[in-house]
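Two complexes follow with chain A in common, the first pairing it with chain B and the second with chain C.
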Partner chain A sequence: MNAATVKNGPARVGIGGPVGSGKTALIEQLIPYFVNRGNEVAIVTNDLVTKEDAKRLQQSGLLAPERVVAVEAGACPHTVIREDPTLNIQAADRLEHDFQNLDLILIESGGDNLASTFSLDLVDYWMFVIDTSEGDDIPRKRGPGIVQSDLLVINKVDIAPYVGADVDLMVKEGTEVRNDKPLVLTNCKTGQGISEVGDHIIKNVLFN
Partner chain B sequence: MNKQEHILALLQHGDSFFPSGAVSFSWGLEMLKQDDFVSSKHDVESFLTNQLAERWAPFDRVVLAHTFDQSDAIDDVIKIDRLVECMTLPTELREGSKRLGAALCSTYAKLGVAKAEQYQQLIFDDAALGHLSVTQALIWKAIGLDKNSVLTLSAYNFCVAIFGAALRLGLVGHIDCQNSLTKVRTLISDYIALPVTDIENIHAFTPNADIASMRHENTGTRLFAN
Partner chain C sequence: MLQLNEILGFSHDSDLSNQLHDLSHAGKVEYIYLDHANLQRRRFRATTDQGTDCAVSLARNQKLANGSVLYLNEDRAIVVQMAEDQWLSLKPNDFATAIELGYFAGNMHWRVKFGKDHLDIALESPEQIYLERLHDFFDQQRITRIGHE
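Entry: the complex of A and B
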């Protein structure tokens, strides 16, 4: 979490991680979590080639479609969340202007590699989502996404036995390389671990 | 600002490191590639030189120059902005110009440029449209650049945007891009030296890019916003 957390306006939370790790599924679980506690939420997605993630969220019925905005990445997902986040900032500014009671804007990166990080001008807090099927050696590979994110989410814990992943090892090594910064185990298909992710967001950027 | 500082300012504001949002736009090139109209570095160069000749020089350059001259008369600037809207028919080119113009205002407002903040508010209030060439002239003048520098930056940024898109589309290599950027210097210099027409006479004729942009609106597979 950076110093910008104390600014006015909705909290901006980034969600990064490799392709297929479950970023959109995590958002689909987080929306009802926050809506049910009375928070106003909007989403910015950075689909790479299609608008599939944005459409999936717009058609989910979880939020009014106009609260989900897609920003094109021009081929490189990390470019628009780190090197030049201008259009994402603009999209978040626009949502903030159009929906003045917003509490939270979730900004979903396109799927990227372990070196992916968010500009501190774009987000107040960011999460990195990996999953067990990518291999249980991912945490000890120490990519900036793994090490620097405010919260590491290890998703698809339910399939770990079938892909030969040792979840306990992932937790141990993830905790070590992150110097005890938090990590959460989730199954975004069933909702396992979602309230814990939500609680971290509340504690660190919503403050209520 | 002295001459040395002016050079440094040009480097800073013309650098692709400067956060402008331009990386998400191909200005028709992505669709032209998908349709096999552009498939080599020569095609990219032809696309760019045609855009400079038929769009940037008779349209954007004139808009930039007039906005620069009238930057203190904000109502006149808004009229130029509306003219750009009326004269840019393809939706994605028109919306792309406004998205980047608004993004430019947003970035410079955060950098403390009062003119950018003022125009950003007009855009938020739907009192101004915020087309790119209009906001470039307004803001770059406000930070102390002269008119020649503003025109140069605009043309250079456009070239870099096209070559950057071409690079990521796999049409050119990075050495090709640098060679081409060197080649178009003379062309850009010649266009900048042309007399500026009345604002009512702005015109553009880029049918390939315009049609590609319109086709791009309905494509399901895309990397770029236009």
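Entry: the complex of A and C
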């Protein structure tokens, strides 16, 4: 009774986290990672009152500009990824309609606080990006984004020694508060950890 | 990995229940247990209680519920079973606290249900996280936890 090959459209993956933690930089690394393995990718960005992140990705040359759609939240970023994600669902639906062979839509939230989470009506899987410069006490503060995300990404591990952050402590406490759900260390300037992030997406929602 | 791409029906549907009943006697009904939060997903990886690795990918207009049947043939069925919710039951000690507690729970985006004289908060993260957020209420003895030994 089951058609084993039906895919029901592209996977939708959310990327949230505080301002400046490296969400857009992570996407700039993930695009070539997935394109190189033959996946069709599109992006939805969210900014408060501009299209800054969308323009950055459209001008990056990493994928066709029309594959990047901007949503202007106009309010606290979490309102359009959790409370009423209609604008983002419509943006994803539009990409799905315009590019019918898509495998993956990455949906980047606007920068928000540690309480930010995604509605599962909008995304199938979501990650939360923090960075070492925010302080190594961030994981143990147990914000909903830290605790509930499917994957925690700790970015900018390269600058940890210069900002006094203990990465081992962040990993230990992050693992504890997340009940052993996965976390990945990245440096989105060099690509460190990107394949591991990609592998989690492949395993959990691309299935190949 | 078994791909499951549609909801075939529900375990209480008359045309499915007899088949499921027969399969269950042969130990051929497998269950995917999901809590309330994960029941909202349409695309995810899951392992049944008998160890079958499943890749679930539903259409956006389909929504899982307790008893959703995702696979069914003469040899096997796979059914979604909603794990029982755990609740933190709190009784406010006065009217003002009741209002403040309701506001606080809403502000925390907690899922709640209302009892006659108490508030039930769904535990979707470790219980300690909720208790820590509520410590002012407890410290000031403004709420009482009920139904907890």
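The definition used in the following text is that the second predicted complex is superposed on the first by the 201 of 208 C-alpha atoms of A that agree within 3 Å, B and C clash if a C-alpha of one lies under 4 Å from a C-alpha of the other, contacts with A are read in each partner's own complex, and residues count from 1 in each chain.
Definition applied: contacts are C-beta pairs under 8 Å (C-beta built on N, C-alpha and C of every residue); 3 or more make two chains touch, one makes a residue touch a chain.
Keep in mind the model is a prediction, meaning the values are calculated, not measured.
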Chain B versus chain C as contact partner of A:Pro85, first or second or both or neither: first
Partner chain(s) touched by A:Pro144 [first = chain B, second = chain C, both, neither]: second
Contacts of A:His97 with chain B and chain C, given as first, second, both or neither: first
Of chain C and chain B, partner touching more chain A residues: C
First (chain B), second (chain C), both or neither touched by A:Tyr125: second
Partner chain in contact with A:Asn204 - chain B first, chain C second, else both or neither: second
Chain B/chain C common contact set on chain A: 121
Contact set on chain A toward chain C in their complex: 1-9, 11-12, 82, 115, 117, 119-121, 124-125, 142, 144, 147-148, 179, 203-205, 207
Footprint of chain A on chain B - complex, ascending: 17, 19-26, 99, 102-103, 106-107, 110, 124, 165, 168-169, 220-225
Chain A residues within the chain B interface of the complex: 48-50, 71-76, 79-80, 83-87, 89-90, 93, 97, 121
Residue numbers on chain C that touch chain A, as the complex places them: 1-6, 8, 37-38, 40-45, 55, 57-60, 70-73, 109, 124-126, 129
